[in-house]
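Two complexes are shown next, each including chain A; its partner changes from chain B in the first to chain C in the second.
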Partner chain A sequence: MTAARLWRPGARGWLGILLMGPSAITVAFLIVFPLARALDLSFQKIRISRVGGARLPFTLDNYTRALGNDEFWNAAEISLAFVLLVTIGCFLIGIAAALMVNQRFPGRRIARLLVALPWAVPEVVAATIWAWMFDGSFGVINWLLLKLDLISGPIAWLSQPHEAFAVCTVALIWSGYPFVAVMVLAGLQAIPEELYEAARMDGAHAWQRFRDVTLPALRPVCAIAMVLVVLRVIRDFATVYVITGGGPVGATRSLAVYTYEQAFSFYNIGYAAAVGLITLLLCAAFSTMVVRRQVAR
Partner chain B sequence: MRKQTLPALAAFIACAVLLFPVWWMLVTAVAPPDDIRAYPPVFFPTHPSFAAFHSILYDRPMLRWIANSLIVAAMSTALTMVLGVLGGYALSRFPSRTTRAVGMSVLLAKMIPTTLLVIPLYVLFREAGLLSTLASAALAHCTVTIPFAIWMLKAYFDSIPFELEEAAAIDGNTPLGALWHIILPVSLPGLGATALYAFILSWNEFAFSRTLLFSAPDNWTVTIGIASIRGEYIISWNEIMAASAIVAVPIILVFVWLERYLVVGLTAGAQK
Partner chain C sequence: MRMLHRLFAAAFMLALFSVTASAQTKLRFYSWQTDDQSNSIWWRAANKAFEDANPGVSIDFVKVPRDSFADTMMVMFSGNTAPDIVHLASFEFPAFAQEDFLEDLTPYIQRDGLDLKGWAGQEKCSVHGKIVCINMNYFGYLMFYNAALLKQAGVAVPHDWAGYLDAVRKVTAAGGGQVFGAGLHTTAGAGQYLTELLAVVLDAGGRWSNAAGKPTIDSPEVIEGLRRWKLLQTEKLTPMGLKAEDIRQLFIEGRVAIRLDGPWMWGLLAKAKPELRPSLMVAETPTATPLGGTSNVIGMPASLPAERKKLVWDYIKLVTSQHWQEQYVALSGQLAPRPHSLTAEALAAKPFLSVFQAAQDKAAAQGIDRLPTGFETSYNEFAKIVTEEAQRMVIDNADPAAVAKRIQARAVALQKG
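Take a look at the complex of A and B:
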């Protein structure tokens, strides 16, 4: 019987490949092939209007230009600052939220749901909400800070470099912390209760139990969450672009926004491809580093 | 009971603070225009007005943006589900070095900056005459949705006992027949959650859509539309928050409804 033969071990390998085939081909067309094209573009001094004509001579110009360029390093610095601040913020709020809703209290299920809710708000929408809350004239944040006497007059958040950067950071944290909270909560629930009991028997205080039982057990989950949060921040375009467009005077122009601007505002598509590929290399290096360390443990 | 009041209270306050932006979106969307400039701000609208919804829906092409977003999301979800089911089934039931290699490399797509990938996609779609069409955005969204769907469905198929297929094999089914007749019917919750999540990813997407569709305003999606209102010289915060509410509230409701499935699927996918 043909049907029975298909289930045999010899046929199974081929079946898997056959089933995976359509995805593999699609991904090749939509990701691998385009990436190769981007690589090719990055080695040409080419503008968007020339693309499709004869191939221009090979050059490393785009890469040398990027690495010797203040704008590029400025963008790299801003991306790094976003990554550091947003990751710290996401983990502080995310872990605190997870610990909070891991306790036993009435309405805990609803609290778990609500804590994760910003996740469901589309990035573009989240960005516009924060832009409105930080509005210089009628924004609710200015009102709050004035009320608390923390500032003496309204701040024009989005037209000043540091302030605009802070607004983007807040928005990115708000969209990013729920993922950490959900992951950490799943990790907390996987810790066996016996570990805590054993620690209690040894006379460990709440803080010691947290430090010696909870934190080590959460390490693998946190490592994964960290990789994904960092990648998300480096790759973010929507949040920053909608809030500030990369301004004022480049104060929020991250690598992603810089890549986009070079490609589609200034049409330096070869240069933009080079900047984008450098960003990809940074992402890949960072992810492998964390995953390696995690595996080595 | 006493011991539980404090955590409950803390959780309530924390949720109120963390979710204030969502509340503020809704309040602004229904605020009469005077309330927007009110000092102190009006936190609980006493005279809700739906003027902003009216003007966003009838004076601006919001309905067209919504229709475009729905079409793009439907197209990318359909393609994603076909490929995701086959790929996820392969990874779950017929793992080999090759399938795993494809599965892993698909995950690496998570590292590629959208702003990088969109450059060659823009060029390729332009050469293929697809630029500014809804199909171009749908295909671009698939670069995000396919990898995640394959792994989310693999995790779901893993939870289905293999005996089901053994029985199907004895009954004379081919593997594809078993997938179609036996596995898919019992996987409907997983399929639904995956499809919905793919749909949401596409509905929310901005960078690809904005680049590929920007030159054709008739084909703008909701996210491009909202960003364009945000970019206007005098921003009508009522209208933009009304538009935001229209875009976000359905997603929030789906999330509330399906939270358990979505969270399980996502954390499973994230651990790979």
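Take a look at the complex of A and C:
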């Protein structure tokens, strides 16, 4: 087939396939192969897998063990709690920040940069800084609270279950809200000014304009942002692991940390693969539900 | 034209020669000890000696952080890309040996007559009748202390638990919340938590398991150890929620007075400020039974090609030779596992080694190892169980006896699988 014939309308489909082919094959290799491998491992009672090693007999043990294991459900609960609190926190701060930097005021560019700044900090670096700030003996947070007479003695932030959970939540919100802010800011800029003018002419005050114009217009953006924030929180490993390692007493052991622990600390690769796939199914179910609702609207 | 052909031919030959010259055999050696103040100096010297003795062979000595070392090794072994020279911590190699990833060194040892009699901690390298590694370090725990802080608090260097408790209480009281008497690892990192807790449990006469590998955690001695561990934290005699690395840093900054740790901490003292360094001392631990144990081992992957196995075995022979074991003492400032490695010259140059030797001998004589018998292949899981329950004991102010009972039940269940 000559180049000229390739550009004929009938051949455009084939050209597209030809051009997409390498990318599609690469993506398939990077995503489908590991998934298939994880699926295969999850049905074997295997401690450490080996490429080219003999396959162990098929078993559902890993799944029945996970579903009947208190530690798994505890990790699922912790992940759910992180998802709820971090998503709410990210959206409250993200929307507020976006509304703020959408206004015209001197230094708006710098303000926008500052809002997005936490997004640019590598997760591990941010988590290490948070861990030091909340250090029970020498951390700046305790120092500040003591100086302001808000506490009578230092709080062992990372040695107490609720406090450690709170620290991880704060760190996750801090690193997650800029994404929501950027998405919402883009959504705000896409709302036609005429809608606000019409609302003003109808006598709508600021809150009514926000409720009846801004929020409905932002709904599609927020839906997508919510899916991405939720998925990020569920799969977040670095922040929680660096700050608390999943402790104390498992109070911050999310599904991601639990999976890692089983795979790399206890060498239960088959079981970890099963837990990972259950997590994947939960994420897929959530994403599908939100996207379907959005399409239905 | 002929001239041009000759030039091309010369260039081709030169290029071919360069390629041949650079086609060295590289032995990949991944370790967490590539840049410390102690072991790395010896490893690098030994690597150079090996390269000098084996032209055309070089050692790629690559750093992998301790925190992610086991993960990295697991991925490498799983992917059939294991390093040529296998370096593992003593608490992680059993899991790899269990999967038959490590070569049985017995035939090599027998063929070359490597004398392992009296080799400290070597018995831990025998798995199912095979010698899968050579132990590279057996340590006795030591007490590092800040003499100036003890003096300020008006306390003497402690020699037993009562003296230790008194000292850390008085230093903490005098420290005003900025200086602590004790320095314990009390956060994530279950292996380190278990090791530091064991140091206290041993002094109370407790052991995690008996010689047959049966858990003995609900014994009165372990309960007493747990009570002491709880006391140190509930009285806030140690900074809370910090890792061992952070505590070591606080020690050399003069904010922790007493730290029980392995001999590897000695090298770190050199990083202290000059005005603080003279106050930082080392002595035997104030415990009747010092913690001791194997630290790290060396071996080779079973999947290695024969010619590489030969080279790696030559390397193992070199680093375990009398000369290089003596060099280990001289260069790293730690004791080597090979008997008679501590020479009179080394002792004269480094008098503190007599303290190291006493601690090691005492621990070895009592058969102490941080790796509990019966939990060799599930050490990390066992460590997590003990750590979680001990943390819960401190957080909930729980009764150590009840906690010990719970750990015992979970440990038994772990063994049953």
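FYI, the second predicted complex is superposed on the first by the 291 of 297 C-alpha atoms of A that agree within 3 Å, B and C clash if a C-alpha of one lies under 4 Å from a C-alpha of the other, contacts with A are read in each partner's own complex, and residues count from 1 in each chain.
In this text, a contact is a pair of C-beta atoms (placed from the backbone, for glycine too) under 8 Å apart; a residue touches a chain by one contact, two chains touch by 3 or more.
Worth saying up front: this structure is predicted, and the values here are computed from it rather than measured.
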Room on chain A for both chain B and chain C (clash or fit): clash
Partner chain(s) touched by A:Phe105 [first = chain B, second = chain C, both, neither]: first
Which of chain B and chain C A:Gly16 touches, first, second, both or neither: first
First, second, both or neither for A:Gln44, with chain B first and chain C second: neither
First (chain B), second (chain C), both or neither touched by A:Leu113: first
Partner touching more residues of chain A, whether chain B or chain C: B
First, second, both or neither for A:Gly52, with chain B first and chain C second: both
Which superposed partner A:Thr214 touches (first chain B, second chain C, both, neither): neither
Partner chain in contact with A:Phe138 - chain B first, chain C second, else both or neither: both
Touching partner for A:Ser79 - first (chain B), second (chain C), both, neither: neither
Shared chain A contacts, counted only where both chain B and chain C touch the same residue: 51-52, 135, 137-138, 241, 245, 264, 269
Chain C - residues contacting chain A, complex: 70-71, 74, 77-80, 95-96, 98-99, 101, 177, 180, 186-190, 239-242, 255, 378, 380-381, 384, 387-388, 391-392, 394-395
Residue ranges of chain B touching chain A (in the complex, touch as defined): 4-5, 7-8, 10-12, 14-15, 18-19, 21-22, 24-25, 28, 36-37, 39-41, 79, 82-84, 86-87, 89-91, 93-96, 98-99, 102-103, 105-106, 108-124, 126-127, 139-140, 142-143, 146-147, 150, 169, 172-175, 177, 200, 203-204, 206-207, 211, 223, 226-227, 230-231, 237, 240-241, 244, 247-248, 251-252, 254-256, 259, 263, 266-267, 270-271
Touch list for chain A against partner chain B, complex: 1-4, 6-7, 12-13, 15-20, 22-24, 26-27, 30-31, 33-35, 37-38, 41, 51-52, 93, 97, 100-101, 103-108, 111, 113-133, 135, 137-138, 140, 143, 147, 174, 182-183, 186, 224-225, 228, 231, 234-235, 237-238, 241-242, 245, 255-257, 259-260, 263-264, 269, 272-273, 276-277, 279-280, 283-284, 287
Chain C-touching residues of chain A, taken from the complex the two chains share: 47-52, 135-138, 154, 156-161, 241, 244-250, 261, 264-267, 269
